[in-house]
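The structure under discussion is supplied below as structure tokens; questions concerning it will follow.
Chain lettering (A, B, C and D) follows the sequence in which the chains are written, and residue indices restart at 1 in each chain.
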Amino acid sequence: MAKVPVQFTLNGAEKAEFIDSGTTLLNALRDKIGDTSPKGGCHQGTCGACSVIIDGELRLSCLTLAETCNGAAITTTSGLSEGGVLHPLQRAFLDAFATQCGFCTSGMIMAAKVLLDHTPNPSRDEVVEALSGNICRCTGYEPIIQAVLTAARSNSQNAA
Amino acid sequence: MALALQTFSTVKDANAALKAAGTRYLGGGTLVVRAANEGDVSVSSLIRSTEPALSAITVSGGKVRIGASVTMAAIARHPDLASLAHAARAVGGPAIRNMATVGGNLFAPAPYGDFTVALLALDATVNIDDGELPIETFLAKRESNHAIITAVGFTFPADGFRFLKVSRIKPKGVSVLSIAAVLEQAPDGTVSSARIALGCMADRPMRATAAEKALLGRTLTSDGIAPTLAAAGDGTSPVTDPIASAWYRNEVLPVHLGRLLLG
Amino acid sequence: MAIRRGRGVAAINYPTGMNLGGDPTQALVHSTPTGNFMVTLSSVDLGQGMKQIMAQICAETIGVPSDRVVVDTADTDTGPHCMGTFASRGTHRAGNAVIQAAREARQVMLEVAAEELEVNASDLETDGQGNILVKGAPQKSISIFDVALSAHFKRGRSISGRGMFLIPRSYPEKETGAMKPSTCYAHACTVAEVEVDDETGEVTVLTVKNIFEIGRALNPKMVEQQLIGGSWMGISHALYETTEPYYPNRDHGGTDFNQYLMPGPGDLAQTEIIVLERPSADGPYGAKGPGEMCANPQIPAVANAVFDAVGVRIDTLPITPERILRALKAQAPN
Amino acid sequence: MELRKSYFADQRKDDLHEIGQPRPRSDSPGHVTGKTAYFADRNFPGMLHLKMVRSPHHHARIRSIDTSEAEKHPGVVKVLTAKDVPHNVYTILILIQIGPEDETVLADGKVRWKGEAVVAVLAETERAAQEAAARVKVDYEVLPAVFDMEEALKPGAPIVNEYHGRNYYLYDSGECRKVRFGDVEAGFAGADHVLEQTYQSSPIEHAPTETTGCIVAPEGNDRFTCYTNTQAMFFTLDNASIILQMPGNKLHFVGGTVGGGFGGKVDVIVEPIAILGAKLTGRPVSFIYSREEEMQISSPRAAEKVVIKDGVMKDGRIVARKVTGYTDAGAYSRHSPYGAQKGAGHYPGPYTIPNVWIDTYCVYTNRTPSSAMRGFGVTIGDFALEVQMDKLARLIGMDPLEFRFINAYRDGDMKAHRQPTEGAALIECMQEASRTANWPVAEKFMAMSSYAKGA
């Protein structure tokens, strides 16, 4: 089987691996690099649990071939907290009791992070739209929406 | 055979590679990688091209050219395509829109392919490496297409572009149906030309030609559009899928068309 | 076109634990040398928060803060038997087992403390903060940290306990059906308000007001999580979900999250939740199982609200736009 | 959410240290940082991937199975058929003496539902397993199928499952679980109105975001560790032990952190075959349902049919209720015989009715085997009961909420299954609903209490 090189930064750290051509980014991250924070809930692009940020854009790692990410900057939920301090979104998800089984959580946080990076003070409708590609079966979404709105408020307070 | 990806810098070389058996062109991956993940073992080689023109949007003199690799997100945020933004945003959630391409959408089977419904109403042309063809011609035999789509082109209507997607899940759900319309009205308000395209009313986007005809010379009032709504279902053969049955789609098509025309 | 509004009510009860009993759960509790407590189980956390709740139950019973309790669960080499996480049984069955184990451990802990303080164990109480005090003379005290050290290194005692909870199995009487399905029941009453588009059959659930009686909210924020999520699932069952949308034709079942329909974040009803607590006689600190019943009353409440809005009864779930539209058309000639 | 502490305050101690406190969840930091380890987050060198060849038919005889091409396919390590499974015919509730064994791990001679597992392929990669699965040839003789419970119960219907020999589960009480209380026919005869209605439901999928699965690793000492998302550890271990004819002490199950269950992960469905694969190859094995399998192959909530016949008086009293409940088990029992009789203990709902007749049936059809789901045996029954209550109230021109107060059970009331009511709280829930939803009812109802009649 043809092995191909992939090289990108993952949460700021350089990564280089040889992988089978045609390997999805999700499988490369989980099986080769050992970052299991993106989850494989469907491998169809319908659940959002595998969401990662590639060069500032939200992407589904299950539908992205790893070898198309050469030179990219990839962010996953496992890389959000710095020095043991949680990212404001992570803190807000905790405080809002927005996780139950937790399987969708890291994808939700990725989707929310891209939103807040571009839209620091989103409306509720903007939050709903940003989360719309991510499925949660436990929470009924409302606690997650509230967590994102709370994180946005705490961001803007810090900035003020 | 394991799956492998081949990348070419030109469309020409990629087209040559696509002639081999078991190959398929990789756009944004939302259709092709999904199929591979789901166990479609008929494809063993994915081909893509990184030619820059595939990712370009040009707008000049009312003419629009959108490269086939342009994503729905790129269309939605392009300042010159603002009136198309809601049709681009009708596709998927945010992550899908960052991946799904114009070229891929042309091949998306019902209940997908909402943006193509818009392109059909816009009377777009579909470009390949050595020519172009009308979108209706392309759609009619898209299964037999083996050439890489390079771009779509259309003339931007001054105004009068209308688009509606009906889905059961909000804000992101696949279509019960989608409708796009490009209407021109005479100074007295009567419709002087109309192109109406429907999604999910057949296995691929289709024109509602009887409805279009019935609209000519009519005003956009409840009474004025009545013949159009009566003709809306002519020639349709809607899909039945988990979202809705063919019966339901036919029943609500006139309702939604009416709301789009009067809205 | 008309958007019609209606509201409906439903009231339900729900049994806690496996039907007819006979479903054991066991637990072990022991202290570390420095007075932290391990709860060992084989119960499964599906996301409902079993680990956190068992920590709070153990902590309450021992008399320490819950962050001094670690729950180690679901390794069959170490965890004692649990029948499983289903039938709203986790908190009730495992919670009772943990209480029994924690009580036994607490008794040893108090005996060691009594030896250290030179008093009778029956004269001691815990302050919930990690200290053991002499009743009526709180200045005379010892920390659980010191008690555990003493037990381990000085007195050779194991501060530990075993817990077991089993409701004996009930066998239904063949002819009359006399039986004991459950020992305690949770309750709910839901009022739903909907809008129905009478041209398309589309239903929008505007509000749901859920009153749940759950015995005891052991952790109110976690109860709230389950109740909000359950209420959403109930609405989802009422209006959307099916694996065979056109039965008896079994084709066209959804195979992904695009085509297996559930309400999205833009479809949420304004949801109000009120909790009543009538402690159950045999629940851990009075708790009943809220996890399943919280998704039930919305279904008939929405069905009744749809009737109230447009005057057609959809007696087959799910209540899809197609079923409503067909019923409206059938009714139209009248 | 609000706690209404004014209700039942006399029965409750509210000054506890930990109970009643909104402590943060100990597992949430792991969730928000992506560190929580689910079963599939483990990766073992040399791990094989298992893919299942499934029946394309609802009901068919298997004439032959040819795995030769699949076995030769590059990357394939093992292909398993029924003959490889030591105890291939099983039923999970055998652990609590509910038999007979009626389901095959891998189909043997016959398939009884579309999607049934026939051949398991183990390969070095998922792709190789998929390719090889496509090369397995199964020759089927299609048989007539029955999908409708009423059809299945008619004489002459195709027999779905020969291990039962009839298309319903035979309880010790006969073809259904029965409850008989008072004289229901006398009740109907004396009623002002009698209303009989039928309610039905479709199968519903649990749709957890994490699909069903497990990873099995040989420990090198003839023991096997199974990382699983089962909802019931020992229940799964003990059933695997029976199916594999392996002593339980050879099996080590690790789990307990699950990406949503809702009842969908209590079937013992992936673990035994994955352990068998690991045993026969000496390699770690991963068997994880695809999303499509989760949606269409894993057990759904059963389709149900509920027929309710009520006798009601003009003053609002329900004097007789007869319920016939049908649970569509699909082709195999799994948990359905239990769920069906759970309905018998649940009807006639939280109401005190003097004359009650209940029959609940567990019916076999060629649909996807159903099993437990959140509200098992009750959810659809509650839909039927509470829509029926609404219809009855409208039939006699009474407010639906007031109608429920008239019939609500209270402490001490005898239930149809002959247990006295304890700990009732339906009335208080309805009183609070009246207040919260601004749905006024007569003062006498607001003055009622669950504690005792007439109080």
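Worth a mention:
In the analysis below, a residue touches a chain if its C-beta (ideal position, glycine included) is under 8 Å from a C-beta of that chain, and two chains touch if they have at least 3 such contacts.
Chain labels with UniProt names: A = succinate dehydrogenase; B = Oxidoreductase; C = Aldehyde oxidase; D = Dehydrogenase.
This is a predicted model, so every value here is computed, not measured.
Relative to chain D, the most remote chain by averaged C-alpha coordinates is B.
The two chains most heavily joined by C-beta contacts are C-D.
The most central chain, judged by the distance from its Cα centroid to the centroid of all protein Cα atoms shown, is D. Rounded to a whole number, the gap between the C-alpha centres of chain A and chain D is 33 angstrom. Separating the CA-averaged centres of chain B and chain C is a span of 47 Å. Rounded to a whole number, the gap between the C-alpha centres of chain C and chain D is 17 angstrom. Remark: chain A and chain B have CA centroids separated by 29 Å (rounded to whole angstrom). Residue positions of chain D touching 2 or more other chains: 25, 27, 125, 207, 258-260, 262, 290-292. Residue positions of chain C touching 2 or more other chains: 46-47, 49, 221-222, 224, 228, 230, 233, 245, 253-254, 256-258, 260, 262, 264-266.
Counting partner chains per residue, chain A shows two or more touched chains at residues 20, 42-44, 46-47, 97, 100-103, 125, 128-129, 132, 135, 137-138. In terms of which chains touch, the assembly is arranged so that all chains touch all other chains.
Within the complex formed with chain A, the residues of chain B that make contact are 2-5, 7, 26, 28-30, 33-34, 36-38, 46, 48, 73, 92-96, 98-99, 171-172.
Touching chain D in their complex are the following residues of chain B: 1-3, 36, 38-39, 41. Chain D makes touch with chain C in their complex at residues 1-5, 7-8, 11-12, 16-23, 25-27, 58, 96, 114, 147-148, 172-174, 177-181, 197-205, 207, 230-235, 237, 251-263, 265-266, 291-292, 295-296, 300, 303, 338, 341-342, 344-346, 349-350, 358, 367-368, 372, 374-380, 382-387, 389-391, 400-401, 404, 408-409, 416-419, 422-426, 428-430, 432-433, 436-437, 439, 450. Within the complex, the chain A residues that touch chain D are 20, 30-31, 34-44, 46-47, 49, 76-78, 80-81, 86, 89-90, 93-95, 97, 99-106, 109, 135-138. Put simply, chain C touches chain D in their complex at residues 7-15, 19-20, 22, 42-47, 49, 51-52, 55-57, 59-60, 63, 65-67, 71, 73-77, 79, 81-87, 128-129, 169, 172, 174-182, 184-185, 187-191, 209, 211-213, 215-224, 227-228, 230, 233, 237-238, 241-245, 247-248, 250, 253-257, 260, 262, 272-281, 285-286, 291-293, 295-297, 299-301, 303-304, 307, 313, 315-318.
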